[in-house]
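Presented sequentially are two complexes of subunit A, the first with subunit B as partner and the second with subunit C.
The block that comes next holds the complex of A and B.
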């Protein structure tokens, strides 16, 4: 149950919590910008919200205590009009200021110049703008401007019923639709005083792991593409295709759209479907392992991966990096390890042996998690699954929080409601949390390595922009 | 390398491979104007071994300058309006526009009205509509091949 406090000492409470084992998990302004709320999460899975009133549309900044809050504060300024005292300069994030000086970091010195890339990229890639400050091929600094795809999904959901809200959350991103949907469902259920039954927990965990499998297969293919290794790329792209076909066979949709609902699940899997699914998953696992071995012994490919795009553990913690990118740096944190609302009993997060936080470590992390997900799914699909519901466990409240490990990291959802209507919805995805790490990773590396560095994160633009 | 290419050409003529049914090709430039990333993920797989659209002469190209077709995904957001128009204007004539996915077609787009421009045909004429949420690689492949087979499409690249 998320604890909510809002009296004096906002900054002090957050500072004390962060000095302990609490981690920053998001900041948002309420609808109308009258207050700011900070979500904190502990390793045991508990969450708490710290609130402060935004008097005269200004709230105290916490960016000095927790740099990971920088994007959240900038977003709250652009979308809810809240200024943050102490956050200077408060650069625009969602708003696109034509004045370069307003949103880029000034870079001075001998002969630096700028390379502007995007929002339209050379391949089939989502839209976003990268402004590299370089000397020769060396990147000194990277300013990332996203939100080209900002659709205002959160604001559009305000006033909708909790049930209708799922459509907005589900459409935020195709690659994280299950993770985002489950985080939202958990938030709504906490607000409604509901708790999922064992069957519902299993249904959602199956969906989450199916999403992770196609996503990680896709990410391995993407890194091969980033190096220009067609053999690896096509092999893992073919496996991604098979994983999506399996999704369609089990749920009727290749991306598992509309499989997550608030307070229940319609997913039913009979013995024949389960047998076929487990057989296909075993085949996929063997084929992926064989493809992975081939990549491991491809020296010219492996030569490209180490010691570039480094995000070490200290930087990952400071920037609030999450998911495979953080674990590849040795930060052994995974929301699945403390998810009582899901069926992850006994789950232990994995990190690579060589947890250096470079492209190679992130690449290996995908494979480690992939084997883990295959094992998890095999056990989850042992027994037939029927439609399931959430049951009453606690008193109703105005506010709920959900946290889920998406393929790209910890995704948090806060739902504030009035009756059965959404008053404010905030979805902070793993991609959103990890984008600042991409800029950090690029600094000091060579411009031609950036596509590979970016692919080793493979973050979504859609669920960042919303 | 030249020897290799010469040998390959000899091999081909020696084998007397059938000529492809479809003459010509289409160079496609994709622009994400505000999608959920679903259409992109399916579009990427049209190049994967199960579909391999390149064997029909359909290739995704890096620049609108090289493109016959502008393939647009997503409801056009206010922030993508200008970049999308810039890409469109950069294309040589004759050019075709394909709208990929329900959002690009204006079917049930979600979002705040002030952040959205509208469907693709709010900006310029659309020649090919590919429905689906997202359309499967099969559906994308079938639709693009139909564009290649159109009488108008056959003229592409020959003017």
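The block that comes next holds the complex of A and C.
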């Protein structure tokens, strides 16, 4: 249950909580920018919101306490007009300033020069602008500018009913539509005082793991493409498509669109469908394992992975990195380990044996999680599944929070409502949390290695931009 | 001039100019097949060239004649290289000689033309690609010259027709020097054709480009010249690989008859390597080429030790 507290001692309370076991999970300004709320999460799955009023559109910054809040504060400034005292310089994030000096970190000296890449790329890549400060081929510093495709989804959802809100959240991103949808559904249900039944928990967990499987298979293919290993790329791209076709067979949509709803689930799987799905998943697992073995024994491929793009555990914690990228650095944190609203009983997060936070560790992390998801799904699909609804358990509230482990890390959703309508919706995805780590990982490495480093994270742009 | 010489000369010029685009086309075609894709036909490079030839070139504000002349100069250099490299043990005198070392020179001239054009346009990706190409070329050229030196020492001449005649016969690798030279030249082939593990011709990742980088600013006919030059580089190095470093028969007619088979086999080998081998870290490329140079030096040492 999410606890909400008031303004006094805002910074102190956050500082104390973070010194304990609480983690920063997001910051947003309320509709109209009258207040700022910080979402904190504990390892046992509980969440709490700390609020402070933004008097004369200014709130105290917490970026010195939590560097991971930097993007959130910059976003709140650009979108809700809240200034943050103590966050200096408060660089623009969503609001693109043509003045380079306003958003890039100055790098001075005789030899460094800048290489600007994007926002339009030569391949099928989403829009992002990367400004490298380099000496020769060595990267000194990278400034990333995203939000080229900012659609204002959160603002557009304001005033919609909680049910309608799913349409906005579900289309924030094709790759994380289930994770985002479930986080939103949890937030709405917490606000409505509802709790999912065992059947509903199982339906959503199945969808989340189906999403993780195609996503992780796709990430493995992307790393192969990053080093020009055509054989590995096509093999895992084909497996990705097979996983998507399984999604279509089970839910009617390759990307699992419109499968999550607030307070219920229409997903019904009969014994025949289950048998076919489990057989296909077993086949996929065997194929993926055989493809993985081939990659493991390809020396030219394995030579490319170690010791580049390093995000060590300390940096991952400081930057608020989540998901496979954090676990690859040895940060054993996974929302699934404490998800009472989902069917993950007994789940234990995995980390690779060599948790060094480099490209290789992130790559191996994908495989470890993939095997885990196959095992989870096999158990989840054992019994037929019918339509399910959430049941009343607690009192109704104005606020609700949902946290879900997406393929790219912890996704948080905060819903503030007035009656049946959304007053403010905030979706903070795993990709949003982990982007600053990409810039950190690139420093000190070589420019031609950056595409590989970037693909080892394989973060979404769409659900970051929203 | 005998019929064999005339035929060899015709194959040399027509093949170098008109058949060269087929070689990268074949590599791409087979590479797609190896990946389980249908892929483009081997004739795709011709379609590309036709399309580009019909388009006008682009003049960039602030650039000089260096940028405009570079494609023509690169293509002309490669054209001279085609005249230098014979396809068999006999070749007409085209007035530029058949000297192996002159070949290294004209290949370097083509590279230089593209590199200075990159400086002229001052596009970041063009400069990045050109500077990488120049740093790697230090090692490519050394390995190329050393590999050719092995063949020259064994046959006692740097004139390529005589080198081809001197290395003919099934027992080409019974000379340890030539076997080592073949290893060195194999790496030159990969580097000069811009293929994996040195460069990835299929990439759309600007930051990883080597040979593609300087081409980004060109369009239309200029780009057609440069793409043809890249294809002709395949022809040049693969012909030398086939007729000097791989077993090839005595007799000009037999050499000409077998050449297409060997070239196709080499394209297949390139496709296979590019499918199974990842692109290597850029700073390790010089080390790979140094292995080639070392093999060639070992070959020279082997020859010196064996010769009376």
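Going forward, the second predicted complex is superposed on the first by the 465 of 466 C-alpha atoms of A that agree within 3 Å, B and C clash if a C-alpha of one lies under 4 Å from a C-alpha of the other, contacts with A are read in each partner's own complex, and residues count from 1 in each chain.
The rule we apply is simple: a residue touches a chain if its C-beta (ideal position, glycine included) is under 8 Å from a C-beta of that chain, and two chains touch if they have at least 3 such contacts.
Values in this document were obtained by computation on a predicted structure and should not be read as measured data.
Undergrad: Of the partners subunit B and subunit C, which touch A:301 in the superposed model: first, second, both, neither?
TA: Second partner only, subunit C.
Undergrad: Quick one: classify A:202 as touching subunit B (first), subunit C (second), both or neither.
TA: In the superposition, A:202 touches no partner, neither subunit B nor subunit C.
Undergrad: Mind working out whether A:186 is in touch with subunit B, subunit C, both or neither, as first, second, both or neither?
TA: The answer is neither, since A:186 touches no partner chain.
Undergrad: Thinking of the overlay built on chain A, is A:123 touched by subunit B (first), by subunit C (second), by both, or by neither?
TA: In the superposed model, A:123 contacts both subunit B and subunit C.
Undergrad: In the overlay, answer first, second, both or neither for which of subunit B and subunit C A:137 touches.
TA: second
Undergrad: Taking the superposition on A as described, I'd like to know which of subunit B and subunit C A:460 touches: first, second, both or neither.
TA: A:460: touches subunit B, not subunit C.
Undergrad: In the superposed model, which partner reaches more residues of subunit A, subunit B or subunit C?
TA: Result: the larger residue contact count on subunit A belongs to B.
Undergrad: Taking the superposition on A as described, I'd like to know which of subunit B and subunit C A:240 touches: first, second, both or neither.
TA: first
Undergrad: Between subunit B and subunit C, whom does A:341 touch in the aligned arrangement: first, second, both, or neither?
TA: After superposing on A, A:341 lies clear of both subunit B and subunit C.
Undergrad: Intersection of subunit A residues contacting subunit B with those contacting subunit C?
TA: 122-123, 234, 238
Undergrad: Sort out for me which residues of subunit A touch subunit C in the complex.
TA: 115-117, 121-123, 137, 224, 226-231, 233-234, 238, 298, 300-301, 303-304, 446-451
Undergrad: Help me check something: in the complex, which residues belonging to subunit A touch subunit B?
TA: Residue list for subunit A touching subunit B: 96, 119-120, 122-127, 147-153, 155-156, 167-168, 171-175, 177, 218, 234, 237-238, 240-241, 244, 254-255, 257, 460-463.
Undergrad: Which residues of subunit B touch subunit A once you look at their complex with the stated criterion?
TA: It comes out as residues 30-45, 47-50, 60, 62-63, 74-75, 77, 79-80, 83, 87, 109-112, 114-116, 133-134, 136-137.
Undergrad: Residues of subunit C touching subunit A in their complex?
TA: Spelled out, the residues of subunit C in touch with subunit A are 31, 34-37, 124-125, 128, 132, 196-197, 200, 202-208, 274-284.
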